[in-house]
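Each chain gets a letter, A, B, C, D, E and F, in the order it is written, and its residues are counted from 1.
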């Protein structure tokens, strides 16, 4: 067991809207690792990230955390991951601090300092501004500041660079590198170059057997009982 | 036949003709209508599948049980 | 876990307060619908008294219905539902917490406003106790069943009307027991049987609704 | 269980069953119609209105039966991810709703001459009306989703919740009604059914059942084909996207 | 211009049909709310008859209210409202066309369903004519006034409840005249005065509502 | 009058949410002209385009069409422009053809061929697919195909290249060039390079004396303008 990677995806496949998006995707990640997901628009990067977080059920394949399937102890896994998705997940009626502290308290980490977290992304002075008045880039910084509000070893970042300017991108690089140096792991989907130290890359491509009809026929004919 | 063969007497249903015939009539219309609509939907769906299968390149082996 | 649960309830209460009036809007709608009735059916006190408990209950039901719409929708739209689903807490408990917050911001204020409307509708003085007791037991059921409907229709086209269509038939037992309790009390009968039934439904709903709603929510997240 | 989960196999089975169910439906409904309208004697109390019963009672029984079937199919679809079960549930709903509507309509048409009113808020009538709403809500929920896999699961949850609730509704309505309106003219039990009425009634009940099966097969067939069309359409769009990307 | 106008109406009718049931949902909600009342106030035919017209009107009003929500919201969300505003046609005419389509998919079907509900509520046979005539005149007013409310709250958080609060008070005159017409007819009196009032309100609303709603919509586009 | 440019913006200023977004913006456009709007995120490109279309009222300044202020005969102006905004404005329940034909009929141009228009953007075979099933890029192509569904001399394009792949970008270039060759005008807001023949460029910058929220502006400006 000791040799098994900390996080491992095996032969994952995703079905959305009755369509096979990707299949046979596997990856491994260990302490300090960074996995960058690439692929053309609609390839399934966001889907894979949500699948790792458990928001989307895999159509096939399995996900292993510390050697055991994630389903065994999902809550322990969830306590150890933070997901920063395409949507900010911020309440626009609340201030940046309130949003961050709510997040921290819900995860049982009330000791973190929201203003310091905001400072790491260079917006400490906006701490008490309601998110409603913020620009897209500022909102994204607040949502990334969540990463510092609760201890978690796995960070899942979907297009983290969206709406960020170069200053903020550099700051994110510093934060990510510090996290990895402390043994943390990062999975990030992006079209652009990630700042900070390089990691491994996983390109998601449409199912190898690009003849989609074949899959459909199989499915309809039920050669694969598990399809249903 | 329980009626003396008189058509009008049969139709009047002892004065309740409206109620009896509407019940049977609407019931029949709805059930036949649903049947016809279902058959038509099945046919047109089958036709559509065939049409789109023809469009698909590299169409492989047996088609669905199109009827 | 229980601290997270309480935090969740506090979060929704805070949001209801910040995002515009929260319970005030439900109460206003409640009062509005009930006051439409004297306008609609005429002011004769006998008529009003006869329909008082029923009208109050129907209005309460409609107010709850209208407020269900946003129960999960807002959180889905801004992505916070993702974050809630990723808390190290079963999704059904998250749903339960949100349902409790929903009740605190709609069902409870409605119950508190009901005596006022009783006056307006010439409710028989003997019926007040039963009306309020039944509403205290019944409105949580409305929130719980409503959570199922809201979860099923979250993120769906024409979700609001659909939600109503799905949830209303399921509300009928609450309506019937609630009104009968008030009417039994008005006629001087005991209404403990009604309370018993409502409690039974409530216990059932507390167990089933969070689980069913959590299932349904997973669909919206997928 | 999984043997019929396969759509193609289901289609084959259905094709084999269809002629029989259609024949039984045609025979029983035809015979029931002739017997019920021409040969059954008028009831001594209800006169010729009793002929409404041959539609009313089978429709009532079937609308409840179809809902039960729908709930079972939904449970199977939810628990075992059985792919044809949810289509069966989906295809059943319009049939059950039609039966429910026919029951309400014929009951109403029967009520006017018998009770002197089209409608009373009797327990049985009320719970039937609510059942119609539950059917409509179920059908609307299917319509509301673009993604049919999601629609299937959402509808299945609703069908099950409704199945728990229907007995509660029926019970509460019965209780509510008898409290306010002690049984008066509205007792349904009526005279014990005479054999001369019973046989055509049984024929009609069997006919309704076979009719349900027949229509169900057509509707499930349509659903399966439609699903395949959707998949092929999407595949076409994907292929196109892939071609564009290759350029 | 008149061809564009008719095309606009046809567009909304097509969308209502394609996007799920359109008028069927309104009717169902209407029937549902009306059926809640006997369940609330009890099945006694005399009571029902007395409140029949009022209940049917209140339910119609609530059905229209609920359907208003999506009147402009859907078009705003997907950007088609921009395209509609850029047609070489005054925005008020666009609003009028959408309002007509709204009435055709809600008010008109509600009016057609009303006799059925009259049966359920034991409405006095003499009142049917007045009820339907009043609904034919009154429901377009509901759509017109509703258009103003919908335009004012489009794109606003908690728009639904706010919409209700804005629009309900404005609906009260329609409710009062509509119900009184039916009750006058039930008692054998003439109800032409009520019709006259409703017609007057309708004419006023046709002139004012599209312009007011168009103003409000411009704010949402800005 | 004959020398006045066809379309002219004079000293335009925009106020949004009580904040002055830009001020003193002017431009001119004549037959065959192309105006490219640039500027950092939040500079006000979309606002300016919507202002030209008349969806946003100018806080100051005026817009002239054929020498007269636009307000004089707004309907004639509207009949001569097509706006393709950030949102697609497509009804997902309808097919591509239905969407396009609805658009054409509403503008009184029922003679145009929707399939041909879709063909110009390379998606003729998706004509009968409901838009709901289309990917983002396909949707954008449908929404651009509207440009060919009704005669109009002024095209307003807000970020037209979003979600388009290189093939589609080239096709758009062909369409735009043909339009300009026929005497049409194009105003396009974009961060990227537009395909086709070059035109003039207008960069939108924040007003010099915008001191309403200095720290916000400083923050957003960062150190590097090219970040945007």
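As a working rule, a contact is a pair of C-beta atoms (placed from the backbone, for glycine too) under 8 Å apart; a residue touches a chain by one contact, two chains touch by 3 or more.
Quick caveat: nothing in here was measured; it's all calculated off a predicted structure.
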When I count C-beta pairs in contact, which pair ends up with more: D-E or A-C? A-C
Centre-to-centre on C-alpha atoms, which chain is most distant from subunit D? F
I'd like to verify one number: the distance from the centre of subunit A to the centre of subunit F, where each centre is the average of its C-alpha atoms, in whole angstrom. 34
Subunit C to subunit F, mean C-alpha position gap in Å, rounds to 47
Centre to centre, by mean C-alpha position, how many angstrom separate subunit A and subunit B? 53
Give, as an integer number of Å, the spacing between the C-alpha centres of subunit D and subunit B. 15
Of all the residues in subunit C, which ones touch at least 2 other chains? 19, 157-158, 162, 165, 168-169, 172, 176, 222
For subunit B, jot down the residues that touch at least 2 other chains. 56-57, 64
Which positions in subunit A touch two or more other chains at once? 16-17, 42, 213, 220-221
Listed in rising order, subunit F residues that touch subunit E in their complex are 50, 53-57, 75-76, 78-79, 81, 83, 85-94, 98, 102-103, 105-108
Spell out the part of subunit D that touches subunit E in their complex, as residue ranges. 108, 117-122, 126, 129-130, 133, 136, 140, 143-144, 173, 176-177, 180-181
For the subunit B and subunit D complex, residues of the former touching the latter: 1-2, 10, 13-16, 19-20, 22-24, 26-27, 30-31, 34-35, 38-39, 41-42, 44-46, 48-49, 52-53, 55-57, 64-67
Using the touch definition from the top, list the residues of subunit D that touch subunit C in their complex. 130, 133-134, 136-137, 140-141, 144-146, 150, 153-154, 157-158, 160-162, 164-165, 168-169, 171-173, 175-176, 179
Flag every residue of subunit C that touches subunit A in the complex, lowest number first. 3-4, 7-8, 11, 14-15, 18-19, 78-80, 82-90, 221-222
